[in-house]
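Here's the structure we're looking at; comments come further down.
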């Protein structure tokens, strides 16, 4: 079943290389996303069996990530219907890369072997790189280049981390997760520590944790909205899954203190850095990229704080994905309408495209954690974890950074939403399917904010138990 | 008196727990009255916009705001409270930016949103500190846990800052004078009447939960009250725009409330339940009163503005003849806000004065001193408010119109707009003349807040003077009637003629030569110019036949101009600089990774 | 009944008080001066005159004389006059006094603005400004007195054993009396703060506000200001002179003597000092406030 | 046999240093090819006298990929680029060499405290691979051209490879192949991007400096 899930998008990606029409490609993509979504939904009822000698396992952690990925692809596919109505360019490369990404991200979610995990994460980097350069202009190429280079270096460090882990687990003789967990008492702690540092820095690059975040504003600023969603919502969280896997090992090996102290520092840096940069920012997408860095910071902060924080972090994974999908899809729809997403070029959206304007405001509120959106709860959980674990300075600093971040994003978004309207350069109508895709995420996010399903809570609790934080 | 409504609400730490107690009752009544009145008013007020703007959306947010306000005062759970709090902030933001093409309005909305959100962050920390002390997110359980004094102090400070942003404590008030004039008038009424009171409600709720605080907290609140009150009214005096002036007056009134709360706190920390009840009760009553009369004033101001299409007081005049009913209603509001007898402001200010004097008699030396300061400040506030509102009433409603008559014919003021104002004015008069009920409820709230038993306190010590006071006021009314009768008698025999105002011999006089609001306020502002940064600019008039010249005066808000603007500007500049110098070479990106790796290795593996 | 006796005293003696001041001033100017009863004649003449109203004005303008007179009449009831105790006394009546005066002031100011001319506006503006300072002085003195007597009722604050405690609080009371005397001059528009006799509109405060009133209205206003002066002096006297409830005749004599002394003092000040420049007035008022504050500090020091 | 492993390790580090001290791109690629070839020999010498299938496959694939295919892609990439040599390294060449030497010393010093478990083929493996990784990193940081950065990345990978191949048999062959494939594809895509960047330059030579970064779209 899992193999099928991984292969399905991959095979259809190969199919696109045949000479088929644009419409067919679109339909195929939608079909694949829906199938993927359906299968993942089935997994919620019945977890699939282990495959490939325990290399592929779907545990609650993986299921959460897999559902996020699947949902994001679903909403992107709906969005795409509208997007390509107005887009003269071919969708072939985009779709191929997206499908391959879907395949590899599924692999990330289900791989239970650290080597396989590495391979699949590296593969996601490679398939996402061409997506950034979709617009084929100088800036987007530059952004792609930076993304590729930084992430490759990060991934290389991650590879070293994997090797160090292998050395540490010399006695276990395998990198399969359950085996390592079982033999955690025999792990060599020094090598473990080295490996943890390399893991955090390496996968942190991919996640965009400060100070290795620098590719993010460029890449997200250049990518189309859909790609932004996949990258900010799914790709970064795939790397977070890698960190969670390490956390499992660390907690078992009694290195929680060591691990969490680094994560807390990383998290704080990731809250601080975007706060420093955001106030001077002009472009919506870049602002959202900073917001993404901030959210990654929150995630690792929650992981570092453990207990309630961990629950919050896992919940925030879901919320962040939904919020990012709202944010970047809206930004993408604006960018398509105006040919720009800069605050000084776009004004008064709400008067010309009322729905898009409202959605943009919703995106902003969701991204900054306002109440009816579920991000509010997860942020609170993480802050609460900071306070209950007596990290008062942390909570205070975090709150200041979040506040500055809010100001920065508000400045840009409200500048775009309100004001005397400027006619769009490429006069286009609101598109139902684009808006529907965004609305779906908004509704889900609000729904989660107002009522958390019992099943989800159980699943997250299972995942927390799995990580075994104290 | 306490009633609960419990229901499950499945979000992390959440529970849908509502609690009804005397404290929430007072705020709830204020909220409901004002929301209903402003809502009915809006029907008339929004009519001219109906075809031009998304009024439906506006109404939606108005309803959301109403709901949020109600939930806030009833919430018994931290998450529920914070959620409703955020909803309130956001929906109020949308109400404020109704006319978003105007850059002032946008700025106001932005300022408001960031101010309230940043305040919320402090609240989050505060509530979590409380929750971690007691291990629950339920207000009741939190209130049962004892608080160590240091923690209590920290929580108190966080509450002052977090809720102070919403309440408009100086220097956190800067959003307030922008947001209120920017919003449509019924929204301003709700914002000023009840929304900023939610800050006060929050502080009260926290005080209730913590129980006894160290006495410096009381002094702090008193000082804040003095600062807010005096500065608020002085800034108000320097304004030329009607609604902005009213907005600054909200700050003043919040200051008065803070004075009351400070007295209450002192009473609590010095174990004087009567003093505590007086202070808290006075503050709560003033909260309610301010909601009523400020709502009335904003609604009346809205009617005037709709008629004249301007908020500039120096372009108005003689409105009493154009809209007699509104002028009387405004006068009632003005008298009430100045704390003059007959109306409700007088009652609450009297109770707070009374509390301050009790404080003088019974508190230790520093308490006496601070209370005396409070009394003097309250007296000063009272007269300054009097000066301010006589200026407003005189320039807007009396005298001659300062602009040609034709320009004052805006929309007709419909019945929808008048009835709510009349109702509010009725409340002013009711509490002003029959204060026993309202004061009794307020004292109930005060007793609840100070965990005291009302029955054991000598409440007659305050009720009997109150009754005598009303007796005096009634006597005054009787005197007025008698004298009116006398005057009629005198005048019956004598002819009265109508003519021009006597101008001491000047013949060519235009309405523009009247004293304007700016010239009226000049003496006072000049006196306080050092703290108000009062500036007047006028060109030198030269030659025998000088060209037309103009003069302008302005008061700059110290905290906005010299505190927040520079800091924010510096931060933005820093951010821009960082962004420009954002290293263009990809190598540097790699360098960061490298350095970070090295630092981690050195730090962790040393 | 007590109420009416109070009012009768006030109605009879207040204009007389003004007459005495005028006499003293005339004496210092080396003139014979008008009769002591001249204020009565003036009032009588005004009550018989017809009125002219400006077209600009509204009901506010007409209501003001009534409100002012009613306010001072109510104020009079709060003050003990010699052997006659204040008919209206309760804890916190000082607030009634202050706020009823405030109400009258509010209407005075808006009535002045109602005429729609800058002279009246000028007067209104000055009144608004100086009343701020006066109110502070008033409350400062109230605080000190209330601390001394542990009461916030006007009658007990200024009555009781206060004059007997001059030995104990002498310094405090001197300061209070000084401060209060300046307050009386300021509140009642006397030299050196304001000149009740001049007609130079640019320099006036009180007179200029009532420039447009005529006939009965003006009469009411003049009567009101005379009563106000009288009542304020009536507050000052019990602070200085012992009035005991035992001997009514003696007390009446002491009271009248005190009134005479105050009026002579006012007259002397009016004759010997020049009117202050407008921008110096606030300095004088601040000095009065400082006196009051000093009194408060000394009181606190002495415990 | 151990001494052969030692020789290979030393050679790899030495070649990295030479690349660091070079500024001609073509020469750098050639040296890199040699380095990769040497590395490809490593599996054959690892397990003395008992060369397994696994070692053969690994060695051959490495040689083919890294010593042949990757350099030819890089040559293809720079063929369209008119520049043949590095324009300006951020740090001068002699300074680079001195710094490189210091880095090698540092890597050896760090390795002192790290003890490999089991019985490694040579005690030089850990310090040498660390040095190579760091040198590769240094090349990436100090060189401004895209191609040279790719080279730096590749050298880094070589360092990791040195470490990985020689140390253990934890990884299934499939995974190791995956790793190799990933790296190959990475280089492939990088080369394409480099090429595209170059095309963009030629279309619009005014903006060579990349001054305006990523604002629109």
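Note that the chains take the letters A, B, C and D in the order they are written out, and that residue 1 is the start of every chain.
FYI, a contact is a pair of C-beta atoms (placed from the backbone, for glycine too) under 8 Å apart; a residue touches a chain by one contact, two chains touch by 3 or more.
It should be emphasised that the depicted structure is a prediction, and the values quoted were computed from it without experimental measurement.
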Interface with more contacting C-beta pairs, comparing B-C to B-D: B-C
Whole-Å gap between the CA centroids of chain A and chain C: 78
Separation of mean Cα positions, chain C and chain B [Å, integer]: 35
Chain centre separation in whole Å, for chain D relative to chain B (CA means): 68
CA centroid of chain A to CA centroid of chain B, Å: 44
Per-residue overlap in chain B, given as positions that touch at least 2 other chains: 582, 586, 590
In chain D, residues with contacts to at least two other chains: 137, 140, 149, 210, 213
Contacts with 2+ other chains: residues of chain A: 145, 149, 153, 190, 194
Chain pairs in mutual contact under the definition given at the outset: A-B, A-D, B-C, B-D
Residue ranges of chain B in contact with chain C within the complex: 317-318, 320-321, 335, 338-342, 346, 349-350, 353-354, 357, 360-361, 365, 368-369, 372, 375-376, 379-380, 382-384, 386-387, 389-391, 393-395, 398-400, 461, 464-465, 468-469, 471-473, 475-476, 479-480, 483-484, 487, 490-491, 494-504, 509, 511, 513-515, 519-524, 527
Residue numbers on chain B that touch chain A, as the complex places them: 9-14, 54, 79, 82-87, 90, 97, 100-101, 103, 106, 109-110, 113-114, 117-118, 121-122, 124-125, 128-129, 131-132, 571-579, 582-583, 586, 588-590, 592-593, 595-597, 600-601, 604-605
Residue numbers on chain D that touch chain B, as the complex places them: 90, 137, 140-144, 149, 209-211, 213
Chain C residues within the chain B interface of the complex: 47-58, 60, 65-67, 69-71, 73-74, 77, 88, 90-93, 95-96, 98-100, 102-103, 105-106, 109-110, 112-122, 124-126, 128-129, 131-132, 134-136, 138-140, 143, 146-147, 150, 152, 201, 211-212, 215-217, 220, 282, 296, 300
Footprint of chain D on chain B - complex, ascending: 582, 584-587, 590-591, 594
